[in-house]
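Following are the structures in question.
Next come two complexes, and both contain chain A; in the first it sits with chain B, in the second with chain C.
Here is the complex of A and B:
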C-alpha cells in the first residue's frame, strides 16, 4: 500500500513518483527528439544524412555548416523573401481575424439576434441569382453583386410580414462553426478561380483574406466562450457608470478576456504561419511563404534533408519565441473577485 | 430627486412579469421594493436603471421623462447583488471609473476617490485588487463607486444578501446612516423583510408582478391591505384562523370573537399577530387550545398551540413552560385583530 500511497499529506509515494516522472520524462523525450534531430541533420553533410543513423556530432560524424551557408548565402533572398512574406501574412491575417472575430463573438455573447429563416433563404437565392447573372448573362461581377444585394434588401423589406420561423444566436454560432467541418481544400479551387478573376492571386492581400476566412470560425467559437464567462453585471455596471458600449468593450470586457485573446491569437497565428495547402494554390512567386520553400527542397535530386532542417529550424523559431513570451498572459483566475465573495 | 413610475409594465413574450406599477419616491426618500423571487421587484429596478426596456408606462427622474433614455444618461448609480467590481482594476480605479469616464482631471479624481474611500473606511485598501478583499470590503467598494458621482438616484439590488448575518446587520446600519447623510433618493430591492422594515421610509410589497401595498413600515405591519401582506410581513407570521363572519362576529367552530367589523362573510379569515395573543386559564380564554410545541427564543417563548382546525403561534414570557398536550386558553384582544375575505384576500373593515 505505502508504495503507492504516501503516509504524509502533500507527499508523493515513491512508486507514484517514479511512474509520474517516468511518463513525463518519456513524453519530454518524444517531444524534444524531433527538434534535436533537426538540429543535428542541419549540420550534417549529405553522406551523413543518408548514411546514418548518426546521432552525436563530433563522435558519430563531423559537423558542417554547409547547409546553413547554402540557405543564408547561396539562396539568400530566395530564403528571406518567403520569410518576410510569412511574417506579413501571418501577422496581418491574425490582426484582422482577431478584430473581426472578437467583435462578432462579443456581439453573439451579449446581443440576441433573431434572423428570419425566410430572409436567410431569400439571401441564398440572391447569391444564386448573382452567380447566374455573371455566368449566364456575362455581367460584370461588381454590378451583379450590387444588383443581387439590392434585390435582396428590397424583397426582405417588402416581405417582412411573411410568417417565418426565426433563428437564434445558437443557430448562427453553429452555422459559423460548420464552416470548419469541411476541410479548406474543398474551397481551394473556387478561391483560386475567384482570386484569379479579381487579381488577388500571388498577393499578400489574397493570402491574408484566405486565412482570415479560414480562421474566423475558430476565433468566434473560442472567444464566444470567453465572453460568455464574463458576468453581464460588469457590462451593466460600466454602462451605469457612464461608459458607452464601445468603452464597456474596451475598458472592461477586453482586458478580462486577455487570456483568451492571447491564446486564440497564438493559435491562429500558428495556423497561418504553418499553412501549406492554400499557400500552394494561391501563391506562386511573389507571395510564397516559408512552408512552400521547405517543400521546394524536395526537388529533382530527392529530398534534401539538411536544407529542409535549416529552414524548418528558422521557421519554428519565431513560434517558440512568441509562445514563451506570451504564455504568462495565458493565466487563469483573472475573473476572481469580480462577483460574489 | 423624485423618481416616478407611471403605469410601468413589463412582459417577456406572453409572460407578464410586472403589471402596471405606480410608484413615486420623494427626494431623499428610501423606498424598498420587497417581494419573493419572481415578484417583479428586480425587473422594476432594472427598468428604472434603464437596463431593461418598459413594455408600457413612463418613468421620470427629477421631472425628466427617462423611459427611453440610455442608462448612462439617467444619472443613476447602482449597487449590484454581485457587486460587479472590475477585477482587473484596483480599488481606487474601481471607485474612480465613473469619474474617469466623465473626464475629470486626475488630481481632482484622486481627491474625490480619497474622500469617498475614507467615508466607507477603505482608505488603506486603495491599491488592492478586488480579489484581495473580504466580502464586506468588496461591498463597500461597490457602495463607494456608486457614491462618488453623487447621482440623482441610488439603485440597490439586494446589496447585502452575499454577506454573512453579522456583517449584514452592521452594513444595514451603515447604509441607513449613509443614505440619511447623503440625502440621495434610494430605491432598494430585497426579499428580506427585516431589511425592508429597518431601512425603508416606505415599503412597496410586490407579489406576482403586482403592487400589494405601498406604505411606511409601521403601517404595513399594523395595517396590512390584504391577506398576502399580512402573511408576508412579521416573524413569526400572523396567525390566520379560517371561519365565518356574521354581522361583525367571527365564528370559529363554537367560539365567537367580537370584531370591529359589521360585515358578513361565509368564508372569512381572522388574523392576529403572535404578540397580541396571551396564554390564560383554559376556562377564561377566547379560544381553547393545547400545546403543540414550545421554543425558548431568549427574551420570550414561542408557543405553537393547536386549535380544532388551525395552528396558532403566540409569544409567551421567557419563563413559560408546559408539556406538549397541555390544555390552555388563549386570550385575543379584539381590537388587535384583522379580518380578510377568504376568496379574494381583501381586508374586511
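Here is the complex of A and C:
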C-alpha cells in the first residue's frame, strides 16, 4: 500500500494530506502576506520604508504611529470628508437599489406582464424623435421630452387595437439583467453632460443615482431567483384573505427572502464602496469618494507608502469586517444565482 | 372615500408600481446615454469661442482608430509574426472549425444560427489575426488586444486556481471554515488598494521580495519598464482579487454534490481523478460556466488596476479599452473616446452572448 492510498475509507492518506494542506497553506500566505505588509508599512517611519525591506516590528525596526497620526490629525478633514462621502453614497445607493430592485424582481417573479412589441418600437421612435428635436431643431430638452411623451401616449392609445406580438416577463428580465454587460464607460460621458446640465455633477445624489443604475441588474438577477424559490401558495392564500399585493409583498414574501436580501445588499454595498470609474468621472471635490482620494495620492514625489498604507487600511477595514460577519449569506446568495442564472 | 379608491387603484396597478421605477431608471441612465454616446462617436467635439462645437463626421472616428493615426493605440503596431502568434492563430482557427463541424453535424441548422455564428466566429478570427500580427518583438499590441489579454489570461487563471482551491477544500479536511473565511478576503479589498499593494510588493529595490530579486540577478530590472512584465503584473493583481469569487461559488457547488454517488464510487474503487471527471465535474459544469461568464463580463470593464498600478504604461502597454476611453475623454477628444467605448461595447457583447449561447446553454442542457 503506497502513501497515496488511504488505509480506511474516508480517511486521507498522509502524502495526500501533506499536498492538500501545503497548497491551501500556500494560498493562505499569498492572501495574508500583502495585507500583513500593509499593516507593517503603516507603522514604519520613512527611513524604514525606503531603507530596504524590514519585515518584523520590534525586531527589524521600531514601530511608530506617526503615519496614523498624520492621516487622522494633520490631514484631518481631507481624510474624513471622502470617507463620509463614501459612507453616504454607498449606504443610500444600496438602500435605493434594494427598494427598486426587489420591487421589480418581485413583480417579474409573481405578476405577468405583456407589453406589446408595437408599443416598445413606438417608444423607441419617440425617444429618437425627442433627440432629433433637441439636436436638429434646437428645442429646450424639457419641451422636447414632454412633446415626445405626449405623442407616444396619444399614438399608443389610438393604435391600441393594432395586432402586435407581445413580450413576456422573461424578455423584460433578460433585458434588465443584460444591462450589466454594458461597460459603464459608454454611458459615462453622456451622464457627465446630463448631470452638468441638471446640476447633479459632484453631488451625492448624482453618484447615488449612477450607482443605483449600475447595480440594479445584480439585484434583480439575484432577488428574482429568491422570489421564484418561495412557494406561491403562501401569497395566494393571503390574497384570498383580502390582503393587497403590497401587504403580501411586505408581510409575507419579504421576510421569507431575508437571507437573499442580506447577501444581495452586502454585495451591492461592496460594489458601491469600491467603485472607481464613475466616481472618477462624476466627482471632483465635494463628493469625492475614498477610492478616488487614495488613487490621487500618487503625488510628485511618488507615493508615500506609509501614509498610503494607512489610507488603504481604513478604506478596506469596514468592508472586510462587514463581510466576515455576513459571509455565509454571500456564498448562498451567489450560488443560487449562478445555478439558476 | 377618496383615499380608499386611491388604494384600490394602486393595488390594481401594483405590478406597474413595482416594475416601472426600475425600467425608468434603466431607460434614463443606461439606454438614453447609450444613444447619446452613439451620436458622439459619430461626431467631432471641439472647444470654440462660444463653448463647444459638435460636428457630425460619420464613421471617421472609427476609421481613425482602426486604420488611421490612432491605429497604434487601439489595434497596435504590426510586425512579422512570432511562433507564439501562429500558435494562437492555429488554436483559434481550430476551435472555430471544430465548433462549425459540430454545428453542421447537429442537424438543426437555422438561418439565425448561421448569422449568429458568422458574427461570433468572424470576430474571433479577426481578433486572433490582430493579436497575431501585433505580437512580434518590434510590434506592440494595442488597447483592444491588451484588454483581451486581461480577460482571457486573467479569467482562466482565476478559474483554474479558484476551482482547484475549492476542490481541495471540499475534501475531508479540517479547518474548512477557516480557509473559507480567509480566502474570501481579497475580493473585498478595493481594487485601487490592490493596485497600490502590489506596486509596493513588487518594488524590486525596497519591496519585501527585493533580496530574492537581487539573488536572482534581477536587481537592476524594473518590471514597470517592460511591456509584458507590466501587463502580467496587472493580471497578477486581478487574479489575487477575483480567485475568491470563483472559489466561494465552486466550493458551495462542490459541497452540494450528491454524497451517496461519490461514496458508492469510492467503494467500487474509483480513483479521485475518475470521481472528479465522471461525477463531480458534470454536475458542477453549469455553475462553472455561469461564473466564468460573470467574470468575463466584469473583466472587460477593467480600469482601476492598470490605471493605478502602471498608469497605463510603459507607453500604452497596459491600457485597457476603458482606460483608453477615459484618457481620450480627459484630453477632450470626446468623439474618439465614445468610439473606443462603442468598440468595447461591441466586442464584449458579442463575446458574452457567444459564450452564453455556445458554452453556458449546452452545459445546462446536457445536465437535464
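A few notes on this one:
In the analysis below, the second predicted complex is superposed on the first by the 290 of 341 C-alpha atoms of A that agree within 3 Å, B and C clash if a C-alpha of one lies under 4 Å from a C-alpha of the other, contacts with A are read in each partner's own complex, and residues count from 1 in each chain.
The working rule: contacts are C-beta pairs under 8 Å (C-beta built on N, C-alpha and C of every residue); 3 or more make two chains touch, one makes a residue touch a chain.
Keep in mind it's a predicted model, so treat the numbers as computed, not measured.
Counted by residues of chain A touched, the larger count belongs to C, out of chain B and chain C. In the overlay built on the shared chain, the residue A:225 is in contact with neither chain B nor chain C. In the overlay built on the shared chain, the residue A:74 is in contact with neither chain B nor chain C. In the superposed model, A:244 lies in contact with both chain B and chain C. Once the two complexes are overlaid on the shared chain, A:140 sits clear of chain B and of chain C alike. When the shared chain is aligned, chain C comes close enough to touch A:319, but chain B does not. In the superposition on chain A, the residues of chain A contacted by chain B and by chain C overlap at 244, 334-335, 338-339, 341. The residues of chain A lying in touch with chain B in their complex are 231, 233-234, 236-244, 247, 251-252, 255-256, 334-341. Partner chain A is touched in their complex by these residues of chain C: 7, 10-11, 14-15, 17-19, 21-23, 25-26, 29-37, 39-40, 161, 164-165, 168-169, 171-173, 179-186, 188-193, 195-201, 206-211, 240, 243, 245, 248-249, 251-253, 256, 266-267, 286-287, 290-291, 294, 297, 300-301, 303-304, 307-308, 311, 321-322, 325-326, 329, 334, 337-338, 341-342, 344-345, 348-349, 352, 360, 364. On the chain A side of its complex with chain C, the touching residues are 9-12, 17, 20-21, 23-24, 27-28, 30-35, 37-38, 41, 49-53, 55, 100-101, 103-104, 106-108, 111, 113, 127-128, 131, 135, 172, 176, 179-191, 193-194, 209-210, 212-213, 216, 220, 244-246, 249, 270, 273-274, 276-277, 280-281, 290-291, 294-295, 298, 303, 305, 308-309, 312, 315-316, 319-320, 323-324, 327, 330-332, 334-335, 338-339, 341. Listed in rising order, the residues of chain B touching chain A in the complex are 49-51, 70-72, 76-78, 80, 82-88, 97-98, 101-102, 129-135, 138, 145, 149, 162-163.
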